[in-house]
Every structure is written in structure tokens, then in C-alpha cells.
């Protein structure tokens, strides 16, 4: 266990004075960070923090991975092109080839690669546009507790009412359907969707696409079963609806395999990737499109930072993790370890009505009492563990450690979490 | 003049096979780029190109500026934190302080700084959301030939019909009004807008905001006069409408001063910055908000890549250009040079019905004949000059050289352009 | 039983040549009608038809009720004002007083009376506008298989996909939730709605109103239970949602009591009436509003034919039916008779998988086989019974005889229906 | 001049207590009307009023026209069918034939006749739906100061901000363009529209239809010139846009000829009729559709009161006015008389900055001072003349006397108006 530092907290005044009120995480973690390595962060006071947040899933390979640092420094010092819009570059070519060889081909997946603007929201916006173009339909079906981004199109399929309200205009062309287990065990949540689709009098227009996260991160670590995902895929096939998997947070190995849907054996028509695809936390996003749906006209969706070559360089290096199945296996093993630890905490404190959730290293513990998860995270921060809440009522403490974390790091983090739970109860 | 190379063109097959049909600039500039420095690019065959496109305005300081390279390499090799969501970091703090000292304070501007997702579209989306929240109104007024981005909210205020059509859903809550001179000299384009606003029977709902570019880049290098901008500001004040200046392309010195609206003496309520704000072509965006309108709730607009520290590092270094007014003066001087050269070309070829447009180093030459500008750009590429078209019918050859270009570079580029015009006529 | 006439059918050519393709019922009932009385119609060939359709519910008091005819003729021949916009007239005053005395006061109901344009769609549009104004919210929740009208607002909450498609624009600001038993016995259809409302992460914005028909007419004669209606009312109270009952088809005694919701003991915030409120089939509509929600500004919703005095005259006379409870009792008695007869038909033909539905004299028999109900109605027409289908797949033969029908008429109609079922099977 | 009555005003309490706050005209004309004939009204106190409002244009043939009364009474007393949905009836057949013979054929017009719900709003909604279906486009262009109705679709193309605000949801899919002279003489208001249509970068999506009133009634009696109407028609032809003329208020002879656009020599693709088409003030509406655009599926737009046979009977009789051109000539003659009288009033009171407007018997006098027109109308009412304001600021006193008014009636009304102007000035 790390002793709580006695040092004075860094001065946050610059941020308070100059930055907009919209700032968020710097309020939960009120210090100024300076250094980072792997699963560790250090603030300007030299305090060391364990990172169980990992850039909200953008740092699956940890902070500042040395092999990537080296590639980036080499790239920068060799006069290679850094910004290139969507022009062809050697760095992009290498990424494309490597992605094809290491990710697509071994999985027998056939997708065209689109580089939208380098944010999760932008890959989602591109997916929605394409699905509507291909089908000539407008409605998109998303799910309760879904999070897909904060731009207007992505927000229309995001479920959180606080975030939706921020739009300032009504959010339309989307219908939110119950995610698996939304109505408890008694009701098959797809019954309603299927009934809506097959009934010409349902009031729900035939959709262009169904978009989903296989594990809902912001929504509270809700895990869809393989069976449910397959059923959704079947509904899509039956009515020629495009299936979009938003793998921005759950992809890139977070749940074990590279794509979060691999275990389910489904084949989405469009896949949205961002966050960890850039390897090093550099802005990058991909939209993968089945060739038969790649109906874009040139430039029909574009953006200035599609060609961020530093991200290509780091991303290419990051793909090395995927040459064998070791990385997946290790993630699953650590995931089990986390799950057991969390379950033990839940069992030790039955009065918290805690529920353990997750798949791979995307885990959470939900608490019955309002605000309890927030208290836990606050206590954790004073103990130098970075961990965040999720869920519509912030009722879940969410664990997203870097996948490269070692057992010592995991153990230390989990120990702090346990201690924080106890402190939050006091 | 650079002799056209005899070398074989690089192989584009990887891009054609693996990348989506949506790719665009790699079709106009069909080669594989590898190196870059200042205003020059080299492809994998070693051919040297002059860059009059500058990352569509993202590279005002040129490719791979040595001082920034050094800072980036130092940052990377010192174990500093690279990805940090919107947590407070030393790199971010330095950027904020420097931006305040070098940009805001000397101009007596008082704005809170928001870091949206690192794209131009995202800063625009954040501006629209905030304006709607602050005013409780829905409609936003934009202008003919405007370009503000490709996500759903930004697209709703983008004028180009091809791009709009890509939305796949109707684009609403926005009204497109005539930009200055849209109807020629005879009609004051703001007469209609003013009449609409003051008339309770106009059919145009009172807007939350008016958003504009002071020079329309994608729209064909249309320049608004200071007088027109002031009139727009007055309309905004009269009806409590927020004035948003989208300075994504025209800002960061492109027209001479840091902000494109400085000459007009207006003070927008919200300013959108991206592209060159990152200094080095790294993804970054800012939304500047007058303090009285900074009504965001924490996290009401967020995103994973708000805290891209490499961009902060380069951006901070880039601000050094703004410590004196030399940079502005040089840009204006070069802008005049370009304008004179373009005017001479126009005069030499009266049959082309060419019209010279622009401010600072944001210049264009419009041609009467359809497709002629495209032919010119194509010819230029074979002569190793990178230059693109703009305007609703691609009728304008647009010149966006890096601001740091020297006279030799400018002369060489302009000479190729002239030669390309001649070739296109043949 | 009425023998099928040998006479030649009337010539429909005028309608085919001059009237738009949109015409509908004249295709199902291809003859030219001339006379009508009570539950009978006669065409220009003198053929007598029994009317089990009753103007789609607009003729609860039968065709050309003699007492109303007399009042109308007296009114017309006395020089009384016929058209008066929404100016005060003696005829309107009498209607208002009579409606208050005979309908509202005895039921201890307190509503302000609004006269929208004289169509069902218009009362619905006025209800939606008012609910949105009062609550400041945009979304309205409607139900699967709902029908509320064909103008854009009413259509947005109408479930039928064919009708929705006619809008030509996306239909927004509305969410269709499962009506009672939509998902069968196993699932309480309100569970989902309640969950959606109480969950801040449901993706469904808090609605301005819930609008429903207690018996869905166009939707296939789906009957909501009192318990379900009460539960909906409770949900509305819990979240300050306005409850709108669209009693256009089910009201005015169609299900027994004057308002269809009386049995359930609920008190809607807004009630929509049209069809039979005019007594004689004359265009008229009412919107009843709880006084606390009567937040209209003068003229905020208006229309030319709000003051249709002939309708007021007939409507006032029609209220005489409601001075005692005899009319209600008789309707319920006849409803039972119809139900028994239909059930017998269903039992006699188990292979038709027929299901009997309804309340009061709003009854239906659904058939398992596609198109069978249409065949039955076609056969019935040749036997001189007017009866229509309903339901999203036209799978239900719908019985809406005038409430004033006598037992002989009912028996004759039911006999023809039975015969038609047999004929349709052949 | 009629002496102001000394009698006590009728009691309005029933209306105040039982009717919704939305009531409007009964506030401007606070008495209870009982009798009516031609251009005269009598209240329950026996006071006689001259009607210069004519049911907002629904009573072109005056109140209770004797020939129509007779037909209606005959129809009612002969047991003829009154309500018939859209089934074929003898009364409808006669109307269709007569309309074809008297209106369409002599004008060499070829239109299919659609009977939408019996309100002006409903014919407009049907026109919008059809135009969108036929063209596959969504946007509709309407004009400043337009009024097309209060249901959601019709409201989206209505310009008045108070009325628009009542929608409670944003009004979309429509663009309001300047009506003729909206920007004064200096600017051709169609220049902007034409520029918008021909420019792919205008930000205005190619519309399905342009809808207009040739004389804007609610908008302030704004008269479009024949030349302007022809230009609009040419724009429609050039871009395959449907031209919809909303002749609800200006049609049926109000401006002289049966259709208000006849003088301009244009041929709309869709024509909306209501108000006076029913002859007697009975609810009725028609949508006339060029055969090539009659692409409705059966029942794609429907309604309960499409088959209001009393309206057909009165409407058929009313067509007798159109057998010769006498009626048109008389209307034009009276119109000139009104115009001269109004101009004289304007000239006599230059300080009122009055402006005379109108065509045929659709006339208005606009005043410079706010509220002056309202004062005039109020004074007129005390002098027993019914006259209303129009325009976005109620700045116009609008004259819509029944077309059948005799010279004595006109003179008396105009004399009261003049006296009221004087009184309002005091």
C-alpha cells in the first residue's frame, strides 16, 4: 500500500482561472500530472499514482510504451512527414499493411479501412452517415445506457440524459431499445425489438442500423452475452439492417481478444475503433467497413487530422502485441483475477449490495447506495489510485487498468480499492 | 522551375486495396509521401514537392518545425505524460499560461479556454451546443458557402450540397443566409438578415447564434470586409445572438494577425480554433468562450483526446512566433506578393475570366470555366507543386502556403502555378 | 338475410376520372350511395345496405337522426347564423351549457372546452402543442398500433408504417412504446416504460405527454384494461407528464359510457373528441383541457371552421341521449350480443384462428390468415353489409354499428357476416 | 351610419367560464351572434352588424345564401346521406361534375380532385406530403409573412413567430424566403431564391415545393404581381420543383377570378382550396393535383370528414355564381370602389402613414403607428362593423366583405370605417 503523501497539492489555479467550466476529470483528480510510465503516473509533487483508468480506455498498452517511444522519436528525428491530411504516406501504408496482416487476415475478416477524424465521436458519425446512405433509411437503433460520443449525430444515440440535454436541440432519428438484461432476467430484451421490426404497426420505422457496444463502458460496465449479440446480428440480417459495433472502448484487446465481439462469432457490417488504436494515446480513429457497403464517394466524409502519422507509427508498433495470442490470454487471466478480487470485496460487504460486472480487463463494481461509488473513487485518489465511476447515476466504480499492467500493480491497485471501500463506508 | 521527374510513381495499390473509397486527397496527389520539412515534401521516390496546401491550413508553421521537433523529442524522451484526458498536466498548464500571455492579454481579450475533441468539427459542435444552451434557442444562422465540418451538427451549418447530402438525414435547426457579396454589389447581403430578425413575421426563428468564417476557405476564398463583420456583430448585440467566429482555417495567422477578425475590431462570443493551433499538425482544437457565456456543466461536452500533451508542447512552442508582430507583417507582405502575382496571371489570360481573392496568405484565383481550376492543380502536381481547389464547383485554385515559406519558395511555387495555367489552357 | 341484388352496379366513372388516386373507401364499397337512415344506407340503384361501419365511428347516433334533422332544418330555415369562426353564438352557447350539464357535471369532471379545427387530427395537434407548451418538453410517448391522424404532428404519433411513410419527412419528437399485451401475457408492457422513465440513462427523454386510445380502433380493436390505464395515469402523475386520451373513435359512447376511460376511473389532462361529437356526422372536434393546463394564449391555435353552428345544433341535440344511463346500458347489452355472436363464429371455424376483441359496440374479429378479413369484408359488401378491416395487416374485421341499431339490425348484420366468413373460406 | 345601440351587451360568461383561453375572435367581437343574412349579422340583442370579415374569407357568397339554404333543407328533408367518409355519393358526384364543368374545363385546367380533411390546414398538409413523395425531397420553400395553417406541417411554413412558437418543437424542413417587395423596390426578392437554387454551395437543399399565397391575407394583404408569380413558376420548372398555390383565402373569387392566380397565367402543380369552397361556410377543403403528380396510394392521406355531403350540396350550388364572368367583374368593380375609398381615407389622414393594399375584394389599409389598426377595428365594432386586423404586428385593417355585398352595404361599411379611423385618432 502506498502511504498518502504529506506533500502539498499542486496549484490548480491556472486551470480554474483560464479553463472553461466544462473541464471534468481534473476535478475528480485534482493534481497536476507530469510523468507517466506503464500503469503509473506522477504529479508535479512527485507523488506516484496507479492508473486504473488508462485514459478511459485509450491506454491499453500503458503510458509511454518504450518501444513506441523509440519509434516516435526515430520518426521525428528522421524528418519523416507528420501531418499529411489523407494523402498516402509511408507510415500510413505500413500501418494499413500491418493491420491487415496482424488483425484482419488471421481473423478472416474482410473490411475496408476508413480514417475519419481522430476521435471516437467521429468514427461513429461516419458510421451513421454511411449506414443511412447505404440503406436509404434514417432511423438508427441504439440501446439503453449506450455512449457513442458528444457530437450531434453521436449524441443522438447516446442514452445519458445529462449529456443529451447538452445538445440544445431535440435528438432525433434514433430509438433507444433495452440492452440485454435491462428489464431483468424475466424478459428477453430482444423480444420487443424483434416485435417492433416485424410489425408494420409498431410505430418504429425500419432502421438503417443497429449500433451497440458489446460491453457498455460509460453505461456502467454492462456485458452483452454472445447469444444476445448473435440474436441482434440475426435481426440485422433478417431485415437488411447494418450492424455497427462501437468498439471504441471495448476494442483493442480490452475484453481479451482484439475485437470485443470475437467471442460471439458475429461479423459487424461496420466497426468503430478509436482510443487505444493509436497505441500511445495519440488521437486516431478507424471505421472498418465491409467492402460491399463501402459506398462512399471520395471525400464525402473528411477531416484535417485523418493523416496523423505519429499515431500511425505508434499504432503500427502496438500491433506487435497481437502477433500471438499471449496478450489476449494474459488479459483474460488478469480479468479473472480482478473479478475474483471484486467479488470478494462484494461478499465482504453485503450491506453495500455490490454487483461485480465485466469482461476481460473491463470491470466494474456497482453499489446499491447512491454516491457510494463516487466516495470510493475519491478515497482511492487520496490513496493515489486513479479510478472513475460510470453508469447513469455514477453508481459503478469502473476498472480499466492498462492491459500491460503486471500482477504487482494489479494487487496494489485492488488493495487500495478495498481500503477505499472501507473508508467510504466510515 | 523544377523538372518533372522521370522516376516511376510509387505504388498506390495498398491504399486502393485496403482503404475505403472515401479517401480523397491521395487521389489528387497520387504518390506516397515520406519526408517533409518547412514548405517541402518528398515522396518515396525522392521527388521534392512544394507545398501550397499546408495541411489545408494545419501547417502554418510548416512541416516539422525544428524547434518544435526538439521540444517533442525532449518531451518524449523525458518520460513526460502524453495522454491525460482532460486531467491537469504540466504541459497543458504551460500552454494555457503561454496562450494567455502571448495571445489573449496583449489583445485585451478575455476568454475561457475549452479543449473539445481535437478536430475542427468538434470545436464547432461544442460552440453550437453552448450557444443553444446559453440562449435557450435552437436556430443557428450560417452563411452561403460556409464550411464548418462533417459531423452532424457542424454539417447542418455547412453549405455544400454534396457534403450535406452525405448526412443521410435532413439537416435542421439552421438557416443559410447570403455571405457578403453573395448577391453582387447591388445588394447589401445583411439587409435581408436584418429584416428577418426585426420582423416577427419573417418565418425565421430568432437564432441562438450567427456563425461565420471571416474568409471562407472551402467556400472559395471569399473575404468578408471589416465593415460587414462589424455589422454582423451589431446585429448580434441588438438581438442577444451569440457571434461565433470559426477561425479553424483562417485563424492562427493565416490572414496576418493571429485571429482573422482582429482587423475588423470585433469581439466574438465564441471562437473556434483548430488546424494550426497544434503547431506541428498535431490534432488539437480550442473553443474560446467569453466568461459570461461559460455556462457549461462539468463534462457536458467531453472527449478522450482533449488532453493530447504532444500537441500542447508543440502548440506552446508555436506561440513563440507571436511574441512580436514580425510574423504578422511578414505574412501580409507575402500575401501582397502572392496577390500581385496572381493578378498578373489573371491579367495575362483575360479569356480565363480569372478573379483574384484573399487576405494574408489565404489566397485564391477563380476561373470562369468549369473544371479549369482542377486542371491547373493537376498540372501543378505533375510539376511538383501541391495545390488544391475550393469553392462549390471547385472553381478556385486555393493557395495556402505555410506562413514560414521564404520568398524563394513562394517564387518557385508561383512560377509552377503560372506554368500550370498555361498547360491547362493547352 | 338480404338477397344479393341483380341490379347493375352504379357507374363509378366520375370518381375514377375526376377524383385523386388517394380515394379509399369508395374502392372497398364500389357503389354510389344516395340515402341513409339509422343503420341503413341505400345506393342509387335502390339497394339497401346495413352499416356496420358508421362513418368510422362518426355516426354513433346513426344516419340522419330525425330529431337532429328537425333541429338542423329549423335552424337553417330560421335565418340563424351558420358560420361564425370562433365568435360567440347562441348555438355555441347552448352546446357549451348542455355539454357542461349533461356530460361534465354529472361525471364531476372539470375541463375547459377548446374548439380546434373540426377534425380528429386537429384536436390531436392542439393537444400535442399544449402539452409541449405546458411542460417545456418535446417528446411525446404514444403506443404501438396507435392511430391519431394524418397531419404531420398527429402522424408522428401514429404507428402504421404505410401511413408514416406518407409524411415524406422523418417523424420525430415521439417514441412508440408497447401497448398492453403487445408482448403477450408474459411481459407487463409498462415495465419497459416505467424503467425508461425512471432511468436517467434510458435514452428516452422525459416526455411532455403520453397519448393513448383506450381501445385502438384503426390498430385492430386492441382493448386496454382499466388496470393498465390506471398504471399509465400513475406514471404520468409521478413524472408530471400530461395524460392525453384520444377519444375520437372510442368516445361518445362507443364503448358504453360517454368517455371510454370512465370505467377505468382515470382523469386525463387532455381529452380529444371528434367523429360522433357532432351527432349527425357533421365535422366537429373538441379538446377538453384541465383548467390548470389551459395555458393557451388567445388564438395560439385557431382555424376557420371552429364555429360550425350546424354541428353545434346537432351535437346539442345528440346530448339528449346522455340524460340517463339507458343509452350506455343498451350499448353494453348489444356489445355483449355481438361478442357472443363473434365468439360463436370463431368457435365454429377453429381453423381460422380467430380472436374476438372489443368493448361495447367497438368489436372485432381477427383472423390468422393474411387477407382473410379483407375477403370477408368483400363478401359482406356483395351481401349488402358495410364492414371494414383494421389492424396493421388488415387482419381484423371491425364492427362499429351505429349505437342506435336495433336487435333486428344487429342480427341481420351478424348473419351476413357469418355467411361472408363461410363464403370467404370457400 | 348605424347608431350605436344603447342595449346592454349580451352576457359572455358562458364562454369565459367554459371555453378555453385559446378563444380569439369572440374577444375582438364581444357579443353573442344569433342571426345572419348576406353581409349582415345580428346578435341576441337584435343589433345589426355589417360583416367585413366574412368568416375570414369563408363566406364569399355571404351568410345563409337563400338558394343554398333551400338546397340544404331539401337535401336534409329528403333522407339523403349526410356523412359518407370518402365513399361515392350522388352529392359528391354532382359536385365533381359541376366543378369540372364550371371551373376546370372553361379554364382548360386539368387537375385531379382530392378531398382532404375539411380544413385549410389539412389541404396544405396533404399538398406538402404529396410534393415530398413525388420529388423525394424534404425542404419546402415558403415566404415571409405566409400563413398556411396551425397543424405541425402547415405551421412549419407559416411565418408568424407567435404562431410558430406554439408548436412546442422546432419547425423544420422549410425555408422562408422574401416575398415580393419584402426588401423594398431596390431588391428583386427572387434574386436570392434563384441564386440559392442554382448554387450548389448555398446551404439550401433543393426543395420539393415552393408554396405561396398570391395575396397574403393573414400576412397583411401583400399582393404578388403577375410577373413575380411567373418568375416563381419558371424557377419551379427549371429545377423540377412543385409549385403549390395556397388559395384557401384568396381563391373562390376573392380577388376577382375563381383562382387568384388566373391573371398571372400560371399553372400550379397543386392548388389548396378551402374556406369559401363549401359555399355556405360549411367545412370543406380540396386539393387539386396535376394528373402527373397524383401519385398517392389509396388512403395514404385520409380523414373522417372528407365526405361531408352538406358541404358538397352547398358547394355545388355556389358554383352557379361561376357560370358567367359577371361575378368576377362585379368583384373587381367593388374592389376598385373599396380601393378608392381607402385611398381617400389615407390621403385625408397623411399623419397616419397609411398604405392601401389589395386585389379584388381582398383589401387592407396599413397604418404606421403600432396598435392603430386594432383601435380602428375596436371602434368599428362599437359602430357595428365587423373588421379584423392582419399582418405580423396587426398593423393592417383587413377588408374581406362578402363578394355578394351590394353597394349600399359597401358604402355603409366604408363610412363606418372612416368614422372609426377618426375616432381612433382622437
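Per-chain residue numbering starts at 1, and chain names A, B, C and D are given in the order in which the chains are listed.
By definition in this document, a contact is a pair of C-beta atoms (placed from the backbone, for glycine too) under 8 Å apart; a residue touches a chain by one contact, two chains touch by 3 or more.
The model shown is predicted, which means the values in this text are computed figures rather than measured ones.
Comparing chain pairs C-D and B-C by the number of C-beta pairs in contact, the larger count belongs to C-D. The chain with its C-alpha centre at the largest distance from the centre of subunit D is A. The centroid of the Cα atoms in subunit C and the matching centroid in subunit D are 30 Å apart. Per-chain CA centroids place subunit A at a distance of 50 Å from subunit C. Centre-to-centre, using mean CA coordinates, subunit B is 58 Å away from subunit C.
Shared contact sites, meaning residues of subunit B that touch two or more other chains, fall at 138, 162, 169-170, 172-173.
The residues of subunit D lying in touch with subunit A in their complex are 169-170. Against subunit B, the residues of subunit D that register as touching in their complex are 138-139, 142-146, 157-162, 164, 170-176, 178, 182-183, 186-187, 191-192, 195-196, 199-206, 219-220, 391-393. Every residue of subunit C that touches subunit D in the complex is listed here, in rising order: 10, 12, 14-15, 18-27, 29-37, 41, 44, 53, 55-59, 63-64, 69, 72-73, 76-90, 92-93, 96-97, 99-100, 112-115, 117-122, 125-126, 128-129, 131-133, 138, 149-154, 156, 162-163, 166-169, 172-173, 208, 274-275, 280-283, 287, 289, 294-305, 308, 310.
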